[in-house]
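By written order: A, B, C and D. Residues from 1 in each chain.
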């Protein structure tokens, strides 16, 4: 018989096995973007599940595939968690057919979230382009919930058109802790809000760099402009955090898809400070 | 090519005996190639241990090109249980060294269950190396291996007849025992146990086993400096020159003992409730590797992809695991239709970063 | 009044029937092969001799192996290359396998539903599960034979001018032999059943043309002979065969000595039935039909008889192959100018490939004559007589009968319009 | 992936259509043998003139179309199929990129017709183009013939509500995994490095260099490939090899143009 003496005493954890979660609610936030409220089927997991804002899950449907999706609800929420998914390809299209009562499968949480604890006492600026609001919404809600611990909150959200502005029904709540500004690339006649690129919102709010952290998530093109503007405004690299997107398969640093020069987006990221990626030109593509 | 081992009746018998309890892989010939094959699956049972590289390295035994992560049926997940009964026989020093590093990679941080179940339950046995054309393990620091990083080692030093004469007789195979006996060196308890039934004398390891020195003297690389040098070389024209030659065919990474990237895929039958999630070898040299839904590609150009491959080996693995992610086996060079030679690439990197 | 049946179904390719009616009765019918021209003969010009077999194979997805091998034989003739016996045997095996593939497909999947009152072979599966299972197994067996020898079930890849680039493993051949033997009794049963089906009473004596070889039921060698006593080499025959170009059709129609003729299983059986081996001969003798026979509808039955023959022959060939050493010598090929003509028996009849090469081995002239094209004139004559004899039938019934008649030819429109 | 949205729930309505072709690709359905009965039990193949007497019109969840529209009525059929189909799959290399017959673009079409039809030129035949020239194509199941694996992956994926996962990477990956001898290294002109995988590398697996029937990979490095391939064959022979199946592959047009300039 094969000799088993070499097997490790501590049982190995099989990272690739997902857990089942039930869809409690679904709603369409914008064309092709759905918001899911979920709960784990396993009561122990439901109870003990914990994560940080900015972390993601590997979400899958059996027979369809698996993809990284950020958790968009705050860690403070008990019993359930939420995802916000944009239809993009195989899995995300299939997710859009889910109804309450259906299940999906998740493993995680993975990656490094926003270091909110370190930001205690500071003003926070959230800059979100499109679906990038999903991970930030977790942090915003968290900050809103722990209102006393932070200074003023500013949410800047840009979208393709007014239809694509996300979580609009929550802006009032957020505004109680600070400011929410939105801007769109283009709008139908009658739109009274801002039109233009998101940096225009920065100009509008003209934030002071002192004692402020910036949390950013959005498409790569947005990063460059926003970071350029923040630099002009005098923000320090250590205070700016971005959440990166890369092709990902395993979520645990084994499949190699998400590497950016010397870090794994899935393990060291997706949230990184500009300080951490300084000099890595390929990080901001 | 004649391999001495075929004719060694005792070795043959022993491996066949082991094959009753284990899946035993040995390098054997198939259609003009050497590949790790399962003892018992070929009639010929040709063992060729000492020369020439196999097409796929031993990694295929522990990280199969396609493997099931789990099955599912009617909304239930049935985990795959990888088999842990593999013996791979006949790895050269660089391959043992690569195996050690690959295992370290799969162990650190979040361990890879499927690989480690197979690997930890498996047994690897090395064999003396006669060097293969285009190999350069002394440059990458993979030219020695310490006991503990292998289970068994078949030491053929002093047995030249084994891999040239094709009879095995000159070396403990028959009458002419005047030449030194092959000996087994045990590196682990499992190896020692296995060796109990072996037809060769067993010795306890005394120190590191080294690969023979390269014929042409070659300078070793400044491995500690390489991460910085590779980083600095990003965007240098050497990568564009390589990109002009590279076909992007993926051969190099598939044959590399230290490449392990994968993608996943779900598969279902005509009844969609049942199916499997698979993981399959991928290659960073393929265009779609870093592409995301919607079409944006984070490594659009071939030159970036090639840089990425070398950065993984000489920068990232060196930085995270303390060893170069290249064993120096030369397989990628051997199988590259465009003749891209990592020795030349590193020489070029050193040169362009010297002048910088 | 004119009715157009856009698609004669359950044939290989796209053919339409245009039926002229007066007072509800059919008075004339026109069959048309409705596929665009692929111009293969033109495309082959300027190509290398060694590429022609690969390209020619794409003329037809149902009988690619025969196109492939016939092209190879013609090239070998043009270049004066001769091959060893093992190569010949493997090629023969591929042609027989092609018969098994194609005859099974036609007889059981395409034609049989007509006689069993089924809409398709698929719907036959519920009422005749055993028969459908046998047919599927036979199809798979034929596919696997071509796969083992040719490297792929459709469009073989191991064959080439001069020999094979890869030889089948002995174990795979032995396995095929075993499967052939196992499949033989059920195949014979199906063939017998087909012989007992109620075939339309229709007879029109025409000229029957096929390869004839005194030593065997010909398919790979032999002379082209007719039921009227004409005999010649494929080369000479090719020059007497006329292909008529029709103004509105991409298919040419064959004429021999100014008249239509029949080529295919019925012709082969009419000319060589004494040479059928194994159970095939007895199935033929025990059937209610006598041969030579002039009822075109029996072509389907003849195919099933040939299926059994091909299986028996394959077993014999595999035995011969296994008895000797399975090795081939690849002859040196000296490229030179020349021309070659080859004929083999494709499932649907005699297939001719003729090539002329220049001194670089590039094709300067070529001609490919397919059975379906050859048969077109004869099929039209059959339709005319069929309609004439049944002028009092209801149009729908008559059209269905014509469709069956067309199907019994097993026409391959792709071949016809290559 | 355009408008490809897999159906969910209900049985799939499948149509199998054949334009001008050798029909080898649709025959692959009948060649599914063991899987065929299971397939017809799992989906409704409502249109398949080669096998069925009664053939329904759309709507179809998926239509497989083999061949090229070489006649006006075939073109009309193709357009009609597109209108009534959710997922339209080009079946085989002819419909994907013209296949073997597309080599006509290296000739004068009139001359070709005259040669084949003894001087007759006014055939009712269209120039050969892939179907994507006329209609939107959701999937390409390339190959001559199309691969059974891809057919089954397409059907099973759509049943499950997944997008079919077809391979776009080069043959060499699969060829190496099979541990075949590398023919290119032996000097044979194997198009594997620049040809899409998915056939199971059938040709190199039996020692025959890949002919490229599945067409080019994305962004093939042709300059380097040509240099390497011409070590084992002449440039004209290599071009003829590319012309076998891929005369209209967009990736190859520049190479062909240069070649046309040469002769």
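One rule holds for everything that comes next: a contact is a pair of C-beta atoms (placed from the backbone, for glycine too) under 8 Å apart; a residue touches a chain by one contact, two chains touch by 3 or more.
Note that the coordinates shown come from a computational prediction; the quantities given were computed from them, not determined experimentally.
Q: Of all chains present, which has the mean Cα position farthest from that of chain C?
A: Taking each chain's C-alpha mean as its centre, the farthest from chain C is A.
Q: Higher C-beta contact count, A-B or B-D?
A: Counting C-beta pairs in contact for A-B and B-D gives the edge to A-B.
Q: In whole angstrom, how far does the Cα centroid of chain A sit from the Cα centroid of chain B?
A: 39
Q: Distance between chain B and chain C based on Cα centroids, please, to the nearest Å.
A: 52
Q: For chain B and chain D, what's the span in angstrom between their mean Cα positions?
A: 37
Q: What whole-Å value do you get for the distance between chain A and chain C if each is reduced to the mean of its CA atoms?
A: Taking the average C-alpha coordinate of chain A and of chain C, the gap between them is 64 Å.
Q: Residues of chain C that touch two or more other chains: which are they?
A: none
Q: Give the residues of chain B that touch two or more other chains, as numbers and ranges in rising order.
A: Touching at least two other chains: 265-268, 272, 275.
Q: Could you pull out the residues of chain D that touch at least 2 other chains?
A: Residues 160-162, 165, 207.
Q: Draw the chains as points, connect those that touch, then say whether the picture is a line, ring, star, complete or other.
A: other
Q: Every pair of chains that touch: which are they?
A: Touching chain pairs, listed by label, are A-B, A-D, B-D, C-D.
Q: Inside the complex, what are the residues of chain D that reach chain B?
A: Spelled out, the residues of chain D in touch with chain B are 35, 38-39, 41-43, 153, 155-157, 159-162, 165, 168-173, 176-177, 179-182, 184-185, 192-194, 207, 217-221, 223-225, 228.
Q: Chain D touches which residues of chain C in the complex?
A: Contact set of chain C toward chain D: 7, 9-14, 34-43, 45-48, 51, 54-55, 58-62, 64, 105, 109-110, 113, 119-122, 125, 132, 136-137, 139-140, 143, 151-155, 157-158, 165-166, 245, 247-248, 250, 252, 414, 417.
Q: So in the complex, the part of chain B that touches chain A is made up of which residues?
A: Residues 21-22, 69-70, 72, 75, 77, 79, 84-85, 106, 109-114, 116-117, 120-121, 123, 188-190, 193-194, 227, 231, 234-235, 260-268, 272-273, 275, 277, 279, 282, 284, 289-294, 296, 298-299, 304, 308, 311-312, 315-316, 319.
Q: Within their complex, state which residues of chain B touch chain D.
A: Residues of chain B touching chain D: 30-33, 35, 54-56, 65, 243-251, 254-255, 265-272, 275, 281, 283, 286-288, 302, 335, 337-338.
Q: Mind pulling up the chain A residues that touch chain B in the complex?
A: That would be residues 1-8, 12-18, 20, 60, 62-66, 88-90, 92, 103, 105, 220, 245-247, 249-250, 252-257, 259-262, 267, 281-282, 285 of chain A.
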